[in-house]
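Chain nomenclature is as follows: A, B, C, D, E and F, assigned in order of appearance, with residue numbering initiated at 1 for each chain independently.
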């Protein structure tokens, strides 16, 4: 294996990946969504942030916990954003098939641990259910987390106007300002506001209906994108990555 | 339509159901699981309790909210209980297909509102994801709740040793004592104990792995079945039914 | 295992089911349909009667032929009744998937013999074909019967105006009068008449077309529901159960 | 359209088929199986005979009932013959998909009537169930018959040692002697015997298990192939074709 | 095995096929299409010619290369011909399922080598992709060729006005004149002309769109059917068969 | 819409994408593969190059041909590379489902033209067949090209030792040197050699078998990676992009 610090699967050669598999590396599989993110953010935010946190975490772990970051899946379940335009969505069965094939390939490539790292609220319950199914189907060990669940504490402490991530909000806008500042349409920031929401998977409303996001917010934003700063974003990204790295070190120990 | 107070779909005639459809009735679709429930409870508990709460709630609503209770689905996602024996489980895609056909049939029978009422923790995230999918596939209005989420407060207030329902626990055992007392193996009650758990869908652990329930508990019980009483059970059943009835009256109003 | 005489899977504990599996018990899997049954009978008749006959038969067999009755499947193939309202139907592929998962679960629970006991004419050819397919797919031993085929003789001898079961007819109405008398709308009995039919699977017409049942009968009845009595019903139920019990004793002997 | 008397779809040009569609022609779709047929008959018997009867019938109808014979499907459900070798079998879902595509194509080609004409006992219940399903799926009019059901009477009258068709038997061997005499291995005829059977779809045994045909017969024959004559075969083929032609004239009248 | 020179699977008995399997025979699986072929040719051309070349080739190989010709699949991918009428088409997934079942059956019948021999341009890329998939799915050795690719040279040398096969063209018309002369509508030959095309799978146009064949040609013909002669046809059929036979001898040697 | 020159879907906001849809923009959908690319190249090459050419082409077209580049699909059909490790592969049906969902989403987002731009030889025939299928399924206009087919001429003219692209070869290595020079393991370049191949989809061998790439080359390279230079790579990338841009301007004109 070269001296590289590279952690991205698609930036590594097959031989380097084979060495990592032999060393018992954990494979992080980021998944996001390509969907409307208000007037000020690009449609790729969920994908970009999931991958960003994975890469940062992979560099934070110690040498005894090798980590590879698989190519990020830029597509998720986004039917509720379709009315806004600019949105790509998968059906549940397609997502199932895609994850099945990828997990089976990772297993065949010699890796024993897979952790799916999600960046999109709309994927949460589906991924939970699919992990259960894939574990039975493939007899492999595959885990699931959301970068914003791992980093729940730092998000709460950092945000001034929200308790957690919403959509194209104080938190997401801050992270894009920190990681990909040229992608924020700053002239639209004053319109980047909408009502507060709870992620469906974490809602305490006892009844769930699948409703279009446009019923909730005209702007496509839930939360306060106008309160974002790059400093908050950096703190969140760093904190989520650190939380994920801690999970990797404590939960995926060598055998 | 006859003078009957009957609320069960399969106890009603087609003509009676057609009248209810015309009157805008909500269809409750209970779903449970057939799975091990410790040494003292029968395998049908989740199915029985979901249906019991639905029937009670259907009788509590006022006349302006007609309700029909569809035949309960006795099968769910129970792979994690398979190692104990006595357990039946569906794959996710089978559950999807089954719900699709039932919801489509209910829609074709002239009903406009469907509420799936779940009684099994292992179905929670899957049903959430499937409701989202079915709403897009069928262009119908279908909601989802768990009877124990609707009645979360009364459960917490009633139980002495648990914060919420676990498995074959203080709560479930109490409910069976209240509704189907002959089905409790009382001589096994002292063994009906196990570690406390949180339902996976409500867990705060940031990482999720699908693990066999036998890794968690040798007895098949999580919580304290030995602290159950019929009085607690009646209070929980009544409280959950009342909570569900309140949801029906406030959320499914006539159009 | 407890001293119980209980035969229903979902009324038994996992440990009791494990003992029955070890003893080589046959699993009866009743399947019905939820569909219009004329002006006088509830939609659940086929499901109720299949399960009723199974339970009776399970209590008739001798000790050397232990029997478990799985939770009854209340859904079948009922497209031909959809125009009447009040009817739920599955697609053939959903029924296939459901039976596959249930048979596989029963096999994994340690049982070696499964007998599907059908109560709905519209399921007959499909179940025959699916049994063939499941036997190849799962490498298990699964048989198929209809309770009214097993009890063909007693039905013919008992009915005064029909040669065999039709739909919501002299036979079915009699059985509901015997087993669930409160579910018969007696004030509608005089309308409970329709033309004689032969079950499609037993028809001697060389050409088969799938036609709506409404083309055949306006009332939803085929046969003479108005000639029903509880005595006939009891005789049929008892006779069908005895015939099924005989099959169990002679065909599913211990290994 | 040319003056040809041709009835085979694949021997006709597209323009000729368009004229037939316009004239309201019935499309016969023969289906057989490729499977062991004892020591003396080729594996294609079921396919050959179904197509033969269709072609003969198509030439017997009067001018007011135009008929087209689609390319025969040489594959069916033959799992029960696999142990003998030389056998091709489809899964039920493949057969479903194949018939769905063919019926949809025939419908798109402008034809309004399809009659599937089966030549293989093992296809009977599956085709019955699939016709029901396809009728609902495609909203087209598709019927189903077996050539030996249509011609049940002539078969019974002609055969000396059997009540109906069995397998590689007095009847099938006679038909091949009549239609394709060079394909009968006459030197094997004395071994062409086996026990009498009833076609599963017509069996009066109340319990059905899918068993390998080799459990039933070592020779692969059920019935008495050694009693076959070409005269019997001609009489059966002619009689079945006449019966099918009668059905076409009486049941598929012009609209 | 009899002294027969028979090579057709469905003309052979199971025992004869078992001997051939034991001797290491290659199974040729011809596939065509049933689709419009201009005003002068029947719809079955692709199927007929694929099977014809296979049978001829099977008779040309030496004794050390036994060959069986499976029943020809008369259905392929012909969506692009649907607008002309008279055409049957499969979906890609149906074709996949059909080939999977047939290849698996051939494998279970004891044969180790399968070569799919295609006669329809519209199947080419699909079969290439499906072979790749089936090889992975079934772990068997299955190859793919087109009779007109194997015989590419003789086709080019024989045709006077075309470089290769087109559709209902100089080449195809010639072959039908040679093998099935009664099926050519000679009175339509002067209309049997259309623009030159390249088979999509061999096109050098860098962009591919799936377009209806009717956009390309009003007559349904591509190429010059009016330049056909039986002599050319015989030369092509013989040459393609010889080329295929050579491939069989050189590429499928005994193990 | 902002003044940005941005062409990447996931770097654009929903509102900006809606404007582009209204202006009739063509959506390029790059697809690659994540698979072994010899000892010297990373596994993501096919994905990176397809996306690179798309982005360059999108910037080359004139203002009257607006273009959007969808998120690149990093996964393809790579079963033949699995034995090397480091490789991810999809099944054909998963790829079908993924493309179906993406094309349908793009259509629902208001775009009328989709061009799939492939960068992986192993996807070629499958994409050809799937485009045909998707066109029928979705009734949309979707085209397919490979960047190396569009730029076939410039590749041939540029390479010194090859006639066209092979695998991890003179051409691919040159392109990575030009676009992502830090990803080339230069110390491995002398081992980056292997036998010459023709892409399966362009092979003139009349018989196709799906064989593992390891049978062809031990190093995982086909062609001469050691002859690569950044200058050649730049020329190829620029030439392919220009060829693609020309196709866009000439073939996707405004309506």
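Quick notes on this one:
Going forward, a contact is a pair of C-beta atoms (placed from the backbone, for glycine too) under 8 Å apart; a residue touches a chain by one contact, two chains touch by 3 or more.
Everything numeric in this text was worked out from a predicted model, so none of it was measured.
Note on connectivity: the fewest steps through touching chains from chain C to chain F is 3.
Taking C-D and D-E together, the pair of chains sharing more C-beta contacts is D-E. Looking across E-F, C-D or B-C, the pair that copies the A-F interface, with over half of its contact pairs the same by residue number, is B-C. Of all residue numbers that take part in the contact between chain B and chain C, over half occur on both sides, making this a same-residue interface. Computed from the mean C-alpha positions, the centre of chain D lies at a distance of 26 Å from the centre of chain E.
If you average the CA atoms of chain B and of chain E, the two centres end up 57 Å from each other.
Chain B has its Cα centroid 32 Å from the Cα centroid of chain A.
For chain A, the set of residues touching two or more other chains reads 91, 93.
Tracing the ring of inter-chain contacts outward from chain B, first into chain C, gives the chain sequence B, C, D, E, F, A.
The part of chain F that touches chain A in the complex is made up of residues 2, 8-18, 21, 34-44, 47-48, 70-71, 74-75, 82, 84-91, 93-94, 97-98, 100-102, 105-106, 108-110, 183, 185, 188, 220. If you check the complex, the residues on chain A that touch chain B are 77, 79-80, 91-93, 96, 115, 122, 124-126, 128-133, 135-136, 141-146, 149-150, 152, 200-201, 206-210, 243, 247, 251.
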